[in-house]
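Common to both upcoming complexes is chain A, partnered first by chain B, then by chain C.
The block that comes next holds the complex of A and B.
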């Protein structure tokens, strides 16, 4: 009996508290940048595609909803020929972002991706690729990797000596 | 003997290194420079363990396990803190200049360096200074070079120079700048260079053909397969992704290929993906072949088959089962082997020699352990490449004997080589021209085929006087024969190698006589014959009739229609003959993979599954029946030849065909109908085999993209295809336990992602696979029978004509591999090989065209000089587009065109 009265009293008090519920979609909530929503593929500071098609996100994904194919440009820079995420399967766990060695794949605070037709939840590279570097404005994998690409010869990465002269026998 | 590892006692075999023993026992002990096929050199210091004097010794000392022999009551520790820190320190040193490449490195995910780094626990980079860098080299279409990733283990140069005898890869510069490459950019010359991909524990050498459609190991759907590019039957693992074949890697089989493949086998696979693959049934309408649907094709076949008198042309590159269903369709009376007349007679003769003579056919491992070898008439490197690598190892037997005498363990590679210097066990090569094995041969003899045979007969006679002796032997040849005979007699495991390359019955007979003579004096001699195609032996065991009789049957009306199974008849006999045959036959039905001149003339063409899309049994030249499995379910109308032929039988109203639902049904009927291949049933477990109640997954446990790879077509994932034909499934679900060796789709063990995980699948390191090496031998010798009679007339050079001898090219002579872009890049253009003096007599320079006439046809061919040809002999490459070469050697007229 007492507990019922106490409950009623509490409810009455709550009706004078400030509202937490907001009038979505008229009002939008604040979401932190690290919120795990719609996935994008970002670009290097130089504007090139950041993804190097290493397949690590694909293998990390617990529901196996990422599929891609690696290819290379004529100078040896690797990138995905196609890159597909099936968002109808994605559980927004963020493992892909965590696995990515280049910061290419990032989850964003956008969750409004519902569709009436599930087929529309299959995103291809064109749908995923954004024009900027996303959350990591400065990092460029190619500046630290040892392979040569267009515009960066051997020995021109960070903390690299010039290529060795292998004919030199001086100690 | 007993050793103690971390105070636990274990039983191990004597005579091995401690590293081998630890790996056999299943310890995760890291290593780089040691390789099971190449022994230890102690270069990398990664395999350190702590050794204790006795139970009381608590301090111990660090030793390299790969350099330490196991001894009785040896006490070691793998886990000891100091030695673990030592190993982590070593790898930290090796990684100082290692580039930040894993994400774009093709080795990643199956990298021995990654595995060892994780195993030692080195996970943080402390070195803050600059990394040394290198420029890469162009090494040809097979192997990619990325030198920055090198950890200086020296495996590549040891393999390339010491194991394969290659000359053009070496180490340059010094200290931390040691550079592993060629003197200058260029195609790697060695035929086994592709193994560098697996030998190199890092991503320095990687598969360039894979790079063009790069897929990680974890994403490949894989199945156990058998190489189809020669008759040796090397075991391979083939991997698929997104419906195309992505790569071939070695599948260890202790008796057959061991750790290595040849480049034709490794890189020839891309014919499967070729744009000219036949993927749809084709039927001729208004004189042109047009794609039709499966049901249209079958209904057309029904009308053809009703009332037709069929003849079947079987194939030495199709499976036993496909050939058998063809035999059932056309009847054994009209079942003809689609091989040249000479090949037909020779393979039949070879089987008889092997089945009725006392010499047994050796596996490649036995070849490797032979201590005296005579090669009669074969350019082994170009015909049966992997055997050449085995023969090259065989000459080291003398070094191993010496090492044993000096109490040097045979796996201590460099001390053994130092002790032996140039000591080699005898290898003699008799061929029509110089071969790549000549450099390790005691003597190389270059002569016309007939002379090679006479030498063989003379050797046999010198071994056992009751063997016939050829008349009019020159003193020189007699002396050579007796030198060879002495060497063979002095060996404990002598071997004679010959084959069908020269299309010469005499050469084959001579080889048999040598081996039999050795047997008669009590030597366990073996006799190995190379054959041209992956199922040449299997087809010959099936007892088909010769092709000429088939042509005759069509000519005289006994048969009016042809069913051609996976065979380009233009490779088998002259153009004239095939044209006539195909014109006379009312209907020509061809099953094949790739468009070729025969399919171009067919009325109906059916798309046959390649080795990656069909299961089947192949019999190697050793006589070993081996099963290969579908790697992926082919899309569309492509299906196994045996299924097409079965469907044709059903269309023709043949009831028995309906019983052949699955592969095992056909295999059962095949084995029952043909006793000679009955054993083939045992080559792999049947489709009902289950491991802990589950099928064996073709996909690794980390296969990715399952719910996305087909989502562009439909977001609802289709059910994976079922496989009723084998115990393998097209999924990643299954019991994580080692399947039987014949069913092992890939090698992978916890902590060991690279191909070196094969260690965990072997009974002991470099020994047989657990459960026995796959394959069933179908041919065993029967002691006692008389010698083959010998030829007496010697070869006489004719001034005005040349004997055109066949020349084989590892890249180009075989039918399927040149469809792979990388292989075709290295295939030569056709030519005629002449001695420089002969050419100058004709007034022809190198590269100039001459007119070559044989069998009534004239060809214009550019001249290539070969000084190693004997007088009176010219050479013609086999199998290259543009020349007819069935039936070589022939006499040809060569003249300079006006």
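The block that comes next holds the complex of A and C.
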């Protein structure tokens, strides 16, 4: 009996509490920097595409929403001929971002991608590519001193940095 | 002639106000529930979402008004009309303010109790005519609930009648000029309040509807404006019980300063708010608990209240 009255009183006190609702279209919610929303393809600091068309994202994708076709330019460098993400299938799990060896594919805190037409949810490469480097501003896959191959030591090939001194803490 | 016109105006006025308050309560309830659950509720249609009621009504009118092929058609159509009819009939007896009363029968209180009891027919018939298991169970529960709560609902008011010495509702209000009946009849007030919540089938006593158990209970098969009638009928019931509490226990239109009708409305709306607060805070009891409280606790309490009040009135009247 007493507990019923106490419940009533407690609920009545809720009249003076702030409301938790965020009135969305008028008031935007806070999204964490790592929020997993719309997927983008980023570029190097030099402006080139980061994607090397390795298909790892397409393999990692649990719902098979990524499809791409690799091709090579005149230097023998791989890049995607087309790169297509079907956002009506995407579950925004972020596995593609984790699989990507070059930080090319990234998820952004933007969830406002509603469309009236399902077809419009299929994003092509032009829609996905952004002009900047995304979350890793200084990273460039091609500049990183790579692997030793036959007839060439680390850091000797064109457009490659000298190998990092792993014993030095300085950047 | 002149008197007849005034009478017609009163009837139409009461009808208009009651129906509008009942419809507006849909908005009030949703906003208040939202307030107590730290939400906003409907606030986008019109100022403060006030036009939500209009939008909902338009929506209900354009919904398909479907009668299931297996239903008992005549009864199915009749049932939602009964709930509105009986609830509105009760309002003919209510003294809103001195002079604003459609009919002042000398058995006004009995008439109101009778009419509100007849309201259960709509629920039972609706549940029966739907020919649906859930609807039938809802109707069954409604019948049992009404039976157990109607008994002490009437008895809890007899104390008031003894003190006022009349069944006439305006006389009962006048008898509270010196002291509201809630003071000497506090037990009666509590009992009547509980019975009133059960009578209107509102949470925590919404066992006939019990959406977590019975889909929507007795109105599972109803759609369109027939469902709307049940819906608004429930709110008319809420207004009716609030009005009755005001008239019988809280001195009706009596109060200092303001015009009588303002006092009346303030009190009524306070009790409507209490109804919604009850809905916001209390869980639904089990069906057998409800029945056993009704028969084993409330009824003896109401009888004790009646006997003690009667004894005191007998002793002091001489």
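FYI, the second predicted complex is superposed on the first by the 134 of 171 C-alpha atoms of A that agree within 3 Å, B and C clash if a C-alpha of one lies under 4 Å from a C-alpha of the other, contacts with A are read in each partner's own complex, and residues count from 1 in each chain.
As a convention for this text, contacts are C-beta pairs under 8 Å (C-beta built on N, C-alpha and C of every residue); 3 or more make two chains touch, one makes a residue touch a chain.
Because the structure is predicted, anything quoted here is derived from the model rather than measured.
When the shared chain is aligned, no partner comes close enough to touch A:96: not chain B, not chain C. Within the superposed three-chain model, A:118 lies in touch with chain B and out of touch with chain C [touch as defined at top]. Legend: residue contacts after superposition of the two complexes on their common chain; A:160 is shown touching chain B, with no touch to chain C.
Look at A:21: by the touch rule set out above, it reaches chain C but stays clear of chain B. Residue contacts after overlaying the shared chain place A:39 against neither chain B nor chain C.
For chain A, the partner that touches more of its residues is B, with chain B and chain C as the two candidates. Touch criterion met: A:54 reaches chain B, while chain C stays clear of it. After overlaying the two complexes on the shared chain, residue contacts for A:85 are found with chain B alone; chain C is out of touch. Look at A:11: by the touch rule set out above, it reaches chain C but stays clear of chain B. Only residues 34-40, 277-278, 280-282 of chain C touch chain A when the two sit together in their complex.
Listed in rising order, the residues of chain B touching chain A in the complex are 99-104, 108-109, 128-136, 146, 148-149, 172-175, 177, 179, 181, 211, 213-216, 218-219, 242, 702-709, 711-712, 714-716. The part of chain A that touches chain B in the complex is made up of residues 52-56, 58-59, 61, 63-72, 78, 84-86, 88-89, 101-102, 118-119, 121-122, 124, 141, 144-148, 154-155, 157, 159-169, 171. Within the complex, the chain A residues that touch chain C are 4, 7-8, 10-12, 14-15, 17-21, 23.
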